[in-house]
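So the structure is just underneath, and the comments pick up after that.
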C-alpha cells in the first residue's frame, strides 16, 4: 500500500512505522469508537488521521446485544455492544469506498468465532483497495463464543495470529486483552506467531449495578471498561510489553490529550489510538495530533520517533513539589 | 446533515420548579440548522467525571442564534448542569438525530407529557410558522402538577393553537392523563399525531392512533455515549426484530417501527 | 473470640457472618488505608466499625519503597508503599493493645515472602488477645519477592492458604489479586485449601508517567490502582466469585458510599471494605454504615443478609429513562 | 492532637497575582486548635475527580474561627480551588502535622521563599504574641518578583518585626536570593532559624545555620493522600537511613533530621 503522506516542511516530523506501514503521524482512532469514520466527517478533518481503525468486523453480520448496552462509571464507561456489525462482505461493499476516499490508512479490526473464521475474514479482505492493515481483536469481552478465550491463552493467541497472517496481504496488528495474569506472555506468543505489531489494551471486564431496580446496569451483565479510569493499567501494560517485544506497540486506553499520548509513547508505544474520548470530544484525535506536534516543536525534536520508549529510569528526582 | 461542536455561552437560566430548568444557549451554527425533534449532546463539566455528554431535546431555537433546552435534575449530570452560571461556556454538540416529519396539509395533534414537552414547543412553532392554518390542530400537554406546566404555557399559547392540559393531581386542566383528553378531541382521518413523554404515555397514544388508523410519530430516549452513530450504544428493539439506534435512526420514529408494551 | 455486639432494638439488623466471626455490621476498613485505626480516632466513632483491618504485617519490619510512593490518577490513585510495617512482633506489642481496647473485631492483614513466613506470622498471631481474624494478602503488587506470584497461581494461592490455616486460631480470609485471567480459578483453589472467606479486590497494577521530567511518577515505576476507577472491575469479580464459592465474599474496590456498598452486596458480597475513600473522607466507613442502615429501614429489610447476592437477573427492564 | 473534618464556608477570596490566591475559611474547630507550621487537607471538589485532598499550610488564624491559606495555581486541584465562590462550602481536614517549636527566649530568624511564606505569617504572629520582645528577630522573605510579595507584607509589617525582602528580578528589596540577605544579618549564637521555601533555598539556609551552629527548623513538602499517617505515602528519606512521613513526623523538621543536596 502506498499513501501520499502530506508533509508540511514547517511541521515537525511525526511519521512513525507500524511494520511496513508508514503513518503520517501516530494518532489513530480505536475500533468501535469511531464508527466507520463518516460519522465524524463534519466535526474534524479526517484526512489528518494517522490511521482509522473501524468497528470490529465479523464474517457474518451480528445484531449485537440487547439494551442497555452502555453505562457510565467513574471516569469511564462500560459497554456491551456485542460486536454489532454488517459483516465483512457488506463492510467491503458499503463502507470501504468512503473510507478509501479519505486517502488515509484504513485498518480493519476483525473478530471471529473460530480460527477458520479469522482466516476467512482475512482472506476476504486480501486485495481490497484501501485496506492498509488488519487489527486482530482477540480480546472482546462481550461475545461468549471465542473472544476472551483467544486472548487469554498464549497458544490460542498465537494460533489466531498465524491464521490471519496466512491470508493477510497487509501488516497484521494483534490487539491484546488486559484481562490476563501476564500480558508479556501473550505478547511474546503473538510476536513469535508473526504479528507485525501489537495494540493494547482492549477494555477491562467490569460490571455496574443499578441499585433502585437491583438489576445489572447492562443487559449483558458484564461489559468492557474504557476511558480515563483504565489509563494507568494500559500504560503499565504498554510499558511491560514494549520491553519484551521488538515489533511496534500501539498504546490504547483512556487517551484524551496529547499529554496522555506522549506518556504512552515514552512508555514504548510507537503510536496510539483514541477511543472513548471520541464520544466526549469528536475532534479529540485531531486535538491530540496538534498537541503532539506542538510538543515536538517546543522540545525541538527532529522526529517524534525519538521519544518512543524514552522514559527516563536513571535516577528518580524526588517529588519536591512546587514551592 | 451537518453537525457542530460549539462552545455555547449560557445566555439565560430559568428555574421553574425545584428541579425543572430552562437554559438558553448561544450556539449559532446549531441554532441555524436544527429542526424540531432533534437533540444536542451537552458536556456538563470540563473534567473527566462525569465523562459522557448528556442528550437534551432542542426546546426551541431563535433567530439570534440561540437554542433552549428544558430539563429536569434527575442525576449527577443534570445536577451539575443546573448549576451553570450566566455567561459560562459549555460544549454543545448538535443538531443530532432525525426529527419530526411535518404534516402541513392536515390537522396535527401534538402530545407532550412531562419532560417530553421539551421538543414539542419547537415542533408546534415550526408547524405554526409553515402551515397555512392551524385551526384544526391541538396541543395537549400533561404533567404531574401545575407548577411543572404553567411556565411553559405562555410560549405555546402565543401560537394560537388550541391548547389543552392535564395534570395527575388536577391542579391544572383535566384531572388525569393526557391520553384521556386525547380521546375527547376529534382526530380526523388524515391527521398526524406527535407524541413525546413517558413510555406508557407514548404506548397509550399509539394505541389510540392505531385504533383510528392515524399515523403517530414519537420521540423516544435511550442511554447514549456518542449521540452520533459511532458507539452503537443506544440500541432499542425494533418491530422488525433487530435493533434501531435512537441517536441516528431516531429519536423520532413512526410509532409502528417500535415495540410497545402496555 | 467473642464480642459484645451492640444491638439497638430500633436499628435494623445489620449483622453478618464471616465464617465463625459475627460482625455487628458489614462495614470494615481496608488494609493499608486505615493505618492502625488510632489515626482516625477523633474523626469518627471507631467502635461502630464492623471490623478493622490493619496495614499488612510481615514477619520482619520493612522500610518500604523510596518516594514518590503515590500519585493521583483519573478517579483513582496509584500507590507503591512497599508494605512498610513494623513487623509482626512489634505489631503485637505496640499496636494490638490499642486495637483491642476498641472492642471491635481486629483482622490482621499479613504478607510473607515464602510459605514458611506466612505460616510463622500466623503462628505468632495465634492466641494474641483481640485478633479476630487474619486476612492473607497474596496479592500485593509492590513487593518483588512473593506477592504477585502467590496470587496469580492457583496452586501457590492454595498452598499459602493451607500454611496459614495450619497455625491460625481465627477465621482466615484470603485476599485475591485482580491481576489474573480467571479470578474464579484462584477463588476455588483457596476455598478448597480451607479459606473461611475471600476478600477482593486488591489493587490493579498500573503506572503513571510525569511528562515534564519524562520519568515514572512512582519511584517503583509500577504501583497499585485503587479508588472509584476500579469499582466496575471489583464488582464484576465479586459477582463472578460469589457464584462459584460457598464461603463468604468480602467486596473491596472504590467503595465510597452506602450505594456502592449495597451494590457489592447485591453482587454477592457478605461484607465490604472501605479503602481509598478513607483518605478523602475519614469518616467514610461510618457514613457507609449509616447509609446501609437507612436503606435497610427504608426497604423494611428484616436483616441486611437478605440482600446478599440479591441481584435480579430475571428480566431486564430496558432503560426507559426518566421522561 | 485532635483533628476535625469541617465544612468550611469561604469567607473571603483575595487574588494577588494571576496565580496567587488567599482564601479565608470559616472553620472554628480547626482555627481554635491550630499551631504555626501545621497544615490542612482541602477537598477541592465534591466529585470523584480529582479524588484526593490537597495539603495547604495554615497561613494565619483569627479569633473569629477563621483560617487563611495562601496558595498558587500549579495544577488541576489548585485551579479548581481558585474558582471557589464566596459562601461556598468546602471540606477542610485539620489541623495536621507537627508545627514549629517556638523559641521564646532567644532571637529568631524567619525565612520564607515563594509559597513557603504561607506558614511563616502564622509563625511570626505567634512568635510576636508570645514573646516578650522581638527586637532581635528578623523576617526575611523572598520571591520571584514584587507582585508575589507586596500583598503579603502589610500583615508582617504590623508585627513590628524587622523585615527584609529579596526578589529574583530586583523589583522589590534585595536583587537576588533570600539566602544572600540572610548572610547580611547577624545570627547570634542561641538564635533559631525557621525556613520554608523551595528545596534549594532550605538547603542553603541549613548550610548557613550548620556553619554557625544554629538550629534550623524547616517545613517541607511531599505528595500526600491522607495527611494523617494512614497511607504511608508521604515518605521522605531521613538522615538516619530510613523514611520519615511528612504528614505526621513533619511537615516541620529540624533540618538535620533530613537529607539535603546542594
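Think of it as A, B, C and D in the order they're written, each chain with its own count starting at 1.
One rule holds for everything that comes next: a residue touches a chain if its C-beta (ideal position, glycine included) is under 8 Å from a C-beta of that chain, and two chains touch if they have at least 3 such contacts.
Please read all numbers here as calculations on a predicted model, not as lab measurements.
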| item | value |
| --- | --- |
| Path length in the contact graph (chain B to chain D, fewest steps) | 1 |
| Centroid comparison with chain B (C-alpha atoms), farthest chain | D |
| For chain C paired with chain D, centre-to-centre distance based on mean C-alpha positions, whole Å | 37 |
| Distance between chain centroids, defined by C-alpha means - chain A, chain D (Å) | 47 |
| Residues within chain A bordering two or more other chains | 66-68, 74-76, 227-228, 318-319 |
| Chain B: positions in contact with at least two other chains | 48-50, 222-223, 236-237 |
| Chain contact graph, described as a line, ring, star, complete graph or other shape | complete |
| Residues of chain B defined as touching chain D within the complex | 47-50 |
| Residues of chain C touching chain D in the complex | 32-35, 39-40, 42-43, 55, 63-72, 74-77, 79, 81, 84, 227-228, 256, 276, 278-283 |
| Contact footprint of chain A on chain B as seen in their complex | 2-5, 43, 48-53, 91, 93, 222-237, 242-243 |
| Contact footprint of chain C on chain A as seen in their complex | 66-68, 73-76, 78, 152, 179-182, 204-209, 211, 213-216, 219, 221-222, 225, 227-233, 235-236, 239, 254, 259, 262-263, 266-267, 307, 310-313, 316-319 |
| Touching residues (chain side chain B, partner chain C) in the complex | 48-49, 72, 74, 113-116, 196-199, 221-223, 236-237 |
